[in-house]
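Both of the next two complexes hold chain A, though its partner changes from chain B to chain C.
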Partner chain A sequence: MTTATIRAGSPGRRRNLAQYVFVAPAVIVLALVVAAPLLYSIYLSFQEYIITYGMGDFAGFANYLAVLSDDFAHVSWVTLKLTLLCVVFEFVIAFGLALLLNQPHLPGRSFYLIVLMIPVLMTPVAVALMFRLMFNPSLGIVNWVIGLLGIPPQGWFGDPSLALGTVVFVDVWHETSLMLLMLYAGLKAMPGEPVEAARIDGASRLQILRYVTWPLMKPVIMVTLMIRMIAALKSYDLIYMLTQGGPGKATETISFYAYRLGFRFLDIGQAAAVSFILLIVVTLLTLVLLRTMREN
Partner chain B sequence: MKRVKFGTSAAVLAFLAASPALAASDVCKGSDINILMETVPDTDALQAVKGDFEKEYGAKVNIEAVNYSLMHEKLVPSLTASTSSYDVLIVDSYWVGEFKTAGWIKDLDALIARDKVDTSLYFPALMALNGTVQGKTYMLPFWQYAMGILYRKDIVDDPAFQAAYKEQFKRDWRMPATLEEFAEVVKWAGKYKDMYGIAMAAQRADPVVMEATNYLFAEGGDFYDRTTWKPTMDTPEAAKAVTVYADLINSAAQPGALGANFDDVANTLKQGKAIFAISYLFLFPTLEDPKDSTVVGKMGFAPVPGKDSFLGAWGWAVPSNAKNPDCSWEFLKWVESKDVAYKRALAGGQPTQMWIYNDPEFIKKWPAMSQVGTALEHSKGLPIMSRSTQLVETFAEVMGSVLANNVPPATALADSQDKFGRLVKGDPLLK
Partner chain C sequence: MVGESRWVQWVSHLILGSASAMVLLPLLWVLRTSFADKVVAYQMPPQLLFAPTLDNYRDVLLRFDFGSFFLNSLIVALTTTAIALLLGALAAYAIDRFRTGGPVMPLAILATQMMPPIVLVIPFFLIFKQLGLADSHLGLVITYLTFNLPYVVWLLMSFFRRVPRELDEAALIDGAGPFTVFWRIVLPAALPGIGAAAVLSFVLCWNEFLFALMLTGQQTKTLPVAISSLVTQQGTAIGAVCASTMLAIAPMVLIYFAIRKLLVAGLSLGAVKG
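And now, the complex of A and B:
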């Protein structure tokens, strides 16, 4: 009894208790706004729940089986294509620009940086509206310009063979800045001595890039690619604003599919099932990201 | 809980009826009336007159005008909440079944009887579509979106055009009587005038469905046999309709029609780039606006050729979870009063009350409106069923696979039978 009282009242114990008390509000808020909705959506994914009819019976894996047998393979393929194309183009452009901006004695560096940051400061909705107008088949400047070159007008978002490419173009315009920012920060944080030493040893610019910059930047590149890839896998806003997943289902991503099931078909059970599958994929990628970060 | 709410509303109504001191206009004093609306001329027409209500009733009317595609997803969370963010609803004709089954809109019969609101003023077709469900009145029709052929009158009335037509088709000029004839004329006229034969809106989901449903109904097809509720998408009529639609998209429509909505159709027409469109009559005010149209006074309207055309409409309703249902009802009565309905019509709205179409001043201002009666006689809406919003999505999927993936129409339609069947399974409205 005496020992226990002493332990409970000891300074170390009080400090420990205080830590829990200070952290508790954050944990409670997170539990309410993240964990509880997440658990509820997992529960919903096993229920037959169409909003119009109200909550139905326990559905087991029926929702999962229904979505997997319907359009899931197609929307996964579209999501994968979109993700790979966006990430590859954005990385190549962003890394190239970051290297250029990192050149010593570059005049007007701050100006270029500010200009290049403008796209990422814009909301996706504003970007989509802007490009929808520019790519409008009859009013848009893009068709007017290609018309000057003798090329007939194109239905950029209405042609199944062009729509995904046009969405990728808009995404690249919008998201490259973010990648550029991360890669440029990585280059800035890189120690200067190895590059200097290589230069003194007579290495060419390409050799410095290949054997010095690239290996030193690898952790930053990995993290950048992962962050962007996870965001691209969840692509929804641009798709919603630009194409609504069309023409046909040419640009329908997993997130848009979940939205359509939930908000158009009002089938909350199936929408929750799709969202949960996407969550698993994104969580796995996040684990890879965390592991990569830890290793480096 | 619903019983308690109903009991409270009934008590309030009884009190209001019994109390001479509290005038009807007082129930709105100091209230905000929030309405979610579509960015269409009818919303502009309401904006123009809402000040009268604010003055008379001491309330503030806040209109949130958004693109159509945003409306349903903004309304549903509000209607499933304990109290709606919107005090008055406008309900699209194909949300009617869903809203009724989910219990999101109030039965207005008692209020209509109490206040002697005359629903016989409305076109019966519109009351059936956006007024009553299973014999009870849930809405007052707000505006109709009758569809038909919008065409360049100046071009088709030109003697040179008509002579060329006669040479081509070996008959005098006439507005096409069948869908097949319409397609032939559209394709030929586009080539003859070096313009787009037709402006089309095949964007997923609502635009393509609204447009293609005209083709389906024109051929005598339908989504279901409306007595047995068996899907009828595998019929030759449906296949022919979708085939004609796809043919026109590929051979006579403006580029990018697969990503176009009705705004794009209006823009194509306003720029004088297309001769025909099967679209909404409500586009006329914008086509006739000299500020941004090159075809002022050049457009005509004719009914869709063939059997029937598609009819859509919107109705005013009071949400079941409205903050102040009595005030919502006062607003409905005011907005559909003869005087206000007429003012809205003159401002470019699409009236639903029959008498307005006989008004010489109205017809003089909007001559194309004289065709509405004929258009309504040969038109029908989507079936009133609990999942008609999902019917639209499902038909859009069919059209998408035909138009974007080149699946043969008959195959795509036959494959969709099962999905259409699932939509009506267990529907309490179809029993």
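And now, the complex of A and C:
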């Protein structure tokens, strides 16, 4: 399409038409691959459908009522604990490291950056396997190392009281990088003058952090926290690889619960209902996230 | 003053160094174990010096056929990325420049990208059985578009925003058609962004687990699924697991070193800027 093409109306009108042609392919594809399965899933959540028996009757809200049981309260609580613990630890560590990395004259900065970014690119499966190996009660290096310090060997992922904490540790190892990256980018994009002015006025490092950097960084921090929180609410991969929700149900998240209902108990109706509840929560948080971004 | 800043620097290096060690040590441990034979791999207290062997890598590649899983990952990731870039770039350009779809559009895209995969994997599982798409590359590409296409659109929107509007407006006034403006002017100007989006989209596909776990079979297993099944099949075949883990990470690390700057810009932009 060049200037030689026959003109249909004014350039303004062509531009108007063109924008829809540009957007159409993506929208059509997304409607087919996202909207259609999503609608089907909502339909399933109102159906009595156990794979081995085939599609049953319309179930109304029976699936929702069935899944909103003790188990759901439990898995929601686990998901919430996991999310909050991960987000808090990851934020504190990432923000601290980002501040250190953002110091004006820091030899070795690029070395630190390279190393600290590596986990971002690793598949959760590889991360999980690595730590399963290291936290293995009898063959893992971790129990040997703490043995050197005189601490008795632990069950880690197999110990109901330690399992969630160990999962959080692995998640922190894996996901802090991404937060660090976002926060560091935010710090670098921050205007330099206010900090400089405060320094000239004799403000201490802590005062600068509290009264200059923190307020300026707040929008970036909010967005980073929201993004990470939404991702953590969906936790599945690490749980599947590390604990399968165990021991017992100690580390079972909402996503894993939906998976277990659907693919272990083959109750598609209930699995769809659980996943749809999770979707509503995530969508609401996404709305908040978008509003936060707009306010920037 | 000088004394204080030296002290601060010393503490900084101590903290940053410890954090780096926390990242590197587990990786080095897995790397070391991937070269260990069965006896050494299981030995506790661990032996640090031993004659390295390539048996684990040979095992993983020949006996467990990881070459073909590697290829599956590559095919699916490349195809998805190509489609997502093609459709995504066009859409992102229109949305950024003409606000196509109004204020609902960014929300719809972001919400789609944030959607928990477990929501979609259930219907896909049933639909693919009906359509015969289970255990096929095409099926997996379809599911990967669900998170990749919105991601690429979102990312490219922020890259296109940085291409000055005057560039395309001048060209439009000169009589160039909208597609020409996009193809000849905006796209080249946003090329680093396109590159970053391509790499990040590839990484996302390469690392995906849930869809691949539920929707692939022996023919189309991707690398993460193959590694995870290695664990359950083999009990604790430590050496093989370590070697396969290294094989899955290696391409990502190579990509990373090749285009680090681009990637950092892309990751942070896509995430932070609205």
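The working rule: the second predicted complex is superposed on the first by the 280 of 296 C-alpha atoms of A that agree within 3 Å, B and C clash if a C-alpha of one lies under 4 Å from a C-alpha of the other, contacts with A are read in each partner's own complex, and residues count from 1 in each chain.
Just so it is clear, a residue touches a chain if its C-beta (ideal position, glycine included) is under 8 Å from a C-beta of that chain, and two chains touch if they have at least 3 such contacts.
Since this is a predicted model, take the numbers as computed values, not measurements.
Novice: In the superposed arrangement, does A:L82 touch chain B (first), chain C (second), both or neither?
Specialist: neither
Novice: When the two structures are laid over each other on chain A, which of chain B and chain C touches more residues of chain A?
Specialist: Between chain B and chain C, C touches the greater number of residues in chain A.
Novice: May I ask you to decide whether A:A272 touches chain B, chain C, both, or neither, giving the answer as first, second, both or neither?
Specialist: After superposition on chain A, A:A272 lies in contact with chain C alone.
Novice: Report for A:L101: first if it touches chain B alone, second if chain C alone, otherwise both or neither.
Specialist: In the superposition, A:L101 touches chain C alone.
Novice: Report for A:N136: first if it touches chain B alone, second if chain C alone, otherwise both or neither.
Specialist: A:N136 sits against chain B and chain C alike.
Novice: Using the touch definition from the top, say if A:F263 reaches chain B (first), chain C (second), both or neither.
Specialist: It touches chain B and chain C both.
Novice: Thinking of the overlay built on chain A, is A:M229 touched by chain B (first), by chain C (second), by both, or by neither?
Specialist: neither
Novice: Taking the contacts chain A makes with chain B in one complex and with chain C in the other, which residues are shared?
Specialist: Comparing the two interfaces on chain A, one with chain B and one with chain C, the shared residues are 136, 138-139, 263.
Novice: Taking the touch rule as given, give the residues of chain B at its contact with chain A in the complex, in rising order.
Specialist: Contact set of chain B toward chain A: 69, 72-73, 76, 80, 98, 101-102, 202-205, 254-260, 264, 267-268, 271, 273, 386-387, 389-390, 393, 397, 400-401, 403-405, 426.
Novice: Can you check the complex and tell me which residues of chain C touch chain A?
Specialist: 8-9, 12-13, 15-17, 19-20, 22-24, 26-27, 29-30, 33, 42, 44-46, 83, 86-88, 90-91, 93-95, 97-98, 100-101, 105-107, 110-112, 114-120, 122-127, 142-143, 145-146, 149-150, 153, 172-173, 175-180, 182, 203, 206-210, 213-214, 223-225, 227-228, 231, 236, 238, 241-242, 245, 248-249, 252-253, 255-257, 260, 264, 267-269, 271-272, 274
Novice: Give every residue of chain A touching chain C within the complex, in rising order.
Specialist: Interface residues on the chain A side: 1-3, 5, 11, 14-16, 18-20, 22-23, 25-27, 29-30, 33-34, 37-38, 40-41, 44, 93, 96-97, 100-101, 103, 106, 108, 111-126, 129-134, 136, 138-139, 141, 144, 173, 177-178, 181-182, 184-186, 205, 220, 223-224, 227, 230, 233-234, 236-237, 240-241, 255, 258-259, 262-263, 268, 271-272, 275-276, 278-279, 282-283, 285-287, 289-290, 293-294, 296.
Novice: Show me the residue ranges of chain A that touch chain B in the complex, using the header's touch definition.
Specialist: Its residues touching chain B are 50-54, 136-139, 143, 152-160, 163, 243-250, 260, 263-266.
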